[in-house]
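What follows is a set of structures to go through.
The following pair of complexes shares a single chain, subunit A, combined with subunit B in the former and subunit C in the latter.
Let's look at the complex of A and B:
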């Protein structure tokens, strides 16, 4: 009789890479991305536009662009290898065990089908019950995501709903089959600021209630701070830092992470009239052979050693990692600053 | 919704009036009808008498209003040669033409829509190339040539089908195929390009993310959005076949509208030509209206606009 069983993570990703074939050579949009996700946990994947945060995450359920090739040493969902899974079996996972919430609710609902049909069909497609049961669950979920007159909303078309309501419908669709994991790709970016907070707290509530794991793709550290357990910072397709969200935000160990955090305008700083902080420079081209730290062209701490390959992962505390040769020094400095204040 | 239908109907009526004026004018601009009717050896007095007898000496506006009043009374004029009411001639010729055109459209849609969907679902695959080949061939092969080929092989050499006339379904096979081939390419390419656009959209990514079967994604989610322009063009194609089946009807000796129009033009039976033009434009307008209504039913967004 086993005394302790090692709890298996819900999702294990090891060295996920994504390459896109283009006429002028291969573009590597994801390099050796590794992480684990436990049941019920929230992981935020953070990065600026073009960091590959969407492509590499959608690749989990085979929704990468057609020209993209995804490789990984391990890509396991509850022990099942998602990379080699036949298409029809991948289909039984999509929308059923792993749901996706897309960024723009204005375009992610089909304009010619009723809200109700779009909710019900996913339940029926996965053979979870009769049409009547599907309808019952759809109405329950629409009410649960905060829509009044749910039964009447079922008969409406997407164009009759506001952006916030549409995103609630999309969330309800994602919940129809009681998934174990929801991938939310910038679920609040296209919404009004007032609605953003509502949708985020709704997501968190639902997640607690239904014990779902959540991968949240975002560029907004405010969102990370309010919802994520752990955070993975992507830059140019590679992980530059990962760890518990609180620790990473409080004491970033990678110059890129601190750069991103510095870009958030703060009310309390007396710097009105000053230009907003930005990270100078641009994301490098991802074509051809890449070596060394890809952030070095924009980094104040860059030195010749940053161009050598590979940049090692530095463990910087419990469950934390940073891919920077200066990580320890940066951490020591920020901690000293905090001590001095 | 009701106001949309009403608006479409008002537009349709305005188009009908405009088309009748233009067709009336065109016919009179095609030459002095009285001179042509009078023939080569006629004197000036003969021409004047003929012009007077048919009211051709009156001002254009008077002729038109006179004609329009008669049309509104249900009188489309009489043939100059048989003195038969043009309406009766058209109604006698219409059914076979309608049958022919409708079957052709159905055949064209049954082939082109699935082919277009398959081509869009697998771009640059063998099925896409095959569909392109079919489309280009359909466009490039003249109807009369295809008709003659079919008559020669299917009718004369192998004796599978009757080569002319009407009466049995077998008579319809060859003309229907010939007409379907001529309208199929644009329907197929339109389905394909509409599907390609739609398949790129976010709600189709969402449909895949839901784990739906490819059949459901293509036909339930994509096709219904992609088919709207195909509906509009189908209506126009049907109108085109109703009026443009002259070649096919002549070759297969079918006494339809096309054959009637051809015969009447040859013998300058201008009241009949006028009536056919009016009748066809009227049908065209009805078809366009029908297409608008079908699209309204397919796309809920049009209903509220």
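Let's look at the complex of A and C:
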């Protein structure tokens, strides 16, 4: 939930860029990404494969690939600069104040440690108290994430649990140190839809209860529509559109967002037998010098001006922006479409 | 009415575990599936992981031998025919084209492989057919000598589709063909599958967990739960107005992209049961909010409702709803999932 009267945001990201050195030159996987996150807020970072949604978000907590160079004008968590933080201090923040949940619970859990050990380990590693206290909190959290017989579950190994239960354990581990921010990278992609809804409701509940902020990395607009307060749409390493999730999904203002939403078959529409909309072409190579709008080679509205730098951020309503010179026209069009339906 | 594909009371059981002193447990992956697929139709199979979808796909492809029951293609039992003859008429498309394609073969070699295996064609004929197929699936000729690793996910899936089509099969078994793809690519592949179906009069058995994709592409849908079909009917009827409590839960768990979507609360009672020790009676009864006393003891038979077939005691008339057993079951000891 966005709070309106706070002094400063929990997280401030200004012009974050990530470059990866390769044998054939530099690849820019993140270009001038800026956003703010308020305490308790849910931000969805959405994009297709190769959009840089994971690498640029993991870079916040220093989990970028070794060869990557991360730069930013500002990267502040509660006013502390994450970029210049020494390694040991970053480790204190990571897991303690910012927790990360990965896509596949099988690979993020240690197969040879019991569930209990993995929960307790986090608490002790951050020096938050005694083993007895850790155990107490672990059992409390396992119950809190909806596992019965928590004391018995503590003695089980990950392979004895179903995928949904494993992801609950991962969430409980992430909660051990009362983080202020959870970064969840496709937390439900490996799960069945029936379990997905449960895990998302759980995240939302925990978030309300413990006043945590959540950054949700996803490719699924269904997930965005049902849980996010705000959304950041990434394409080829850059933000093309951002704003309140419901507004962006209802009336996209960037041709990429609008094209992407139109590709998705909808349960509500009777479109059987009709071809689905597609986005022609492919994501461009991110090697070398990039300039202008990177979507222009796939965009029906592209014109010479789209190749020149910089593409302005166009404000399109309260808290919304789109990086497109045609943003206003597209917004008017998607509004008309919605009105016509 | 007999279809292109007829499945009669198909059972596939796997022995699990077991050692010197312990008897293996029996996993009933498919437990009495009967299904007809008509020529030219798209039949989708949906269900959670572990329900038996992929075992069914393998049985239809002839690569999983049934424990009992029959799979008939054009009226003939496929497990009595030569593997190669079946492979020419029934072809698969798998989820992940990356792992389905040999990285050391070029695009043209990959597509030509089924024809080379058949052995009845000259190199010239093969070359011509491969060119036709590449055109058909939208692969530019210049990619013919590329390796799959140099191509995008969508192009790789086009190769897999091309390879499946090169022997001119009648039936394609698509096992999650777009799950590994981005939505913009998914749309291209779904359009391609629809075009090919119309052009070549193909029949698809389509396995997917994405109900909006299923709705877009299918004529009929079968819902499987623990190796049994619980509901089978036209896609519109089944997805707009599901009959079986399990289908209703699946439907409500689907996250739509409607902007005013709220998170669904589709909480089942209990977790997915141990498939080696499934609940008696209706397999779904421990998780079902509508369960009756009879559901614990008797497997529901299939009942016709409208244009759908549903296997549920709410419709068989064997139990009366509202008895006090429902209350007991609601408080039963189960895990929330």
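The definition used in the following text is that the second predicted complex is superposed on the first by the 324 of 341 C-alpha atoms of A that agree within 3 Å, B and C clash if a C-alpha of one lies under 4 Å from a C-alpha of the other, contacts with A are read in each partner's own complex, and residues count from 1 in each chain.
Here is the rule we use: contacts are C-beta pairs under 8 Å (C-beta built on N, C-alpha and C of every residue); 3 or more make two chains touch, one makes a residue touch a chain.
All of these numbers come straight from a predicted model, not from anything done at the bench.
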Practice prompt. Specify the outcome, clash or fit, for subunit B and subunit C once both structures are aligned onto subunit A.
Written response: fit
Item to complete: Could you say whether A:91 touches subunit B, subunit C, both of them, or neither, answering first, second, both or neither?
Response: first
Worksheet item: Which partner does A:36 contact after superposing on A: first (subunit B), second (subunit C), both, neither?
Response: neither
Discussion item. After the superposition on A, what does A:229 contact: first (subunit B), second (subunit C), both or neither?
Written reply: neither
Worksheet item: Counting only touches as set out at the top, which of subunit B and subunit C does A:198 meet: first, second, both, neither?
Response: second
Discussion item. For the three-chain arrangement built by superposition, which of subunit B and subunit C touches the greater number of subunit A residues?
Written reply: C
Worksheet item: Which partner does A:147 contact after superposing on A: first (subunit B), second (subunit C), both, neither?
Response: second
Practice prompt. Considering only the touch criterion stated at the top, classify A:136 as touching first (subunit B), second (subunit C), both, or neither.
Written response: neither
Item to complete: Tell me which partner A:61 touches in the superposition: subunit B (first), subunit C (second), both or neither.
Response: first
Discussion item. Quick one: is A:277 in contact with subunit B, with subunit C, with both, or with neither? Answer first, second, both or neither.
Written reply: second
Discussion item. Is A:48 touching anything from subunit B or subunit C once the two structures are fitted on A? First, second, both or neither.
Written reply: second
Response to the item:
In the superposed arrangement the C-alpha centres of subunit B and subunit C open, at the centre of subunit A, an angle in degrees to the nearest 10 of 70
Worksheet entry | Shortest CA-CA distance between subunit B and subunit C [superposed frame, angstrom] | 6
Worksheet item: Do subunit B and subunit C touch any of the same residues on subunit A, and if so, which?
Response: none
Worksheet entry | subunit C residues touching subunit A - in the complex, by the definition given at the top | 48-49, 152-153, 182-184, 186-188, 190-191, 194-195, 209, 211-213, 215-217, 235-236, 239, 249-250, 253-268, 271-272, 333, 335-337
Worksheet item: Touching subunit C in the complex: which residues of subunit A?
Response: 48-49, 146-148, 162-165, 192-198, 200-201, 204, 219-227, 245-247, 249-250, 259-261, 263-268, 270-273, 275-279, 282
Worksheet item: What residues on subunit A touch subunit B, complex-wise?
Response: 61, 63, 91-96, 99-100, 102, 104, 107-113, 121-122, 125-126, 157, 159-160, 170, 173
Worksheet entry | Residues of subunit B defined as touching subunit A within the complex | 201-203, 205-213, 216, 220-221, 224-225, 298-301, 304
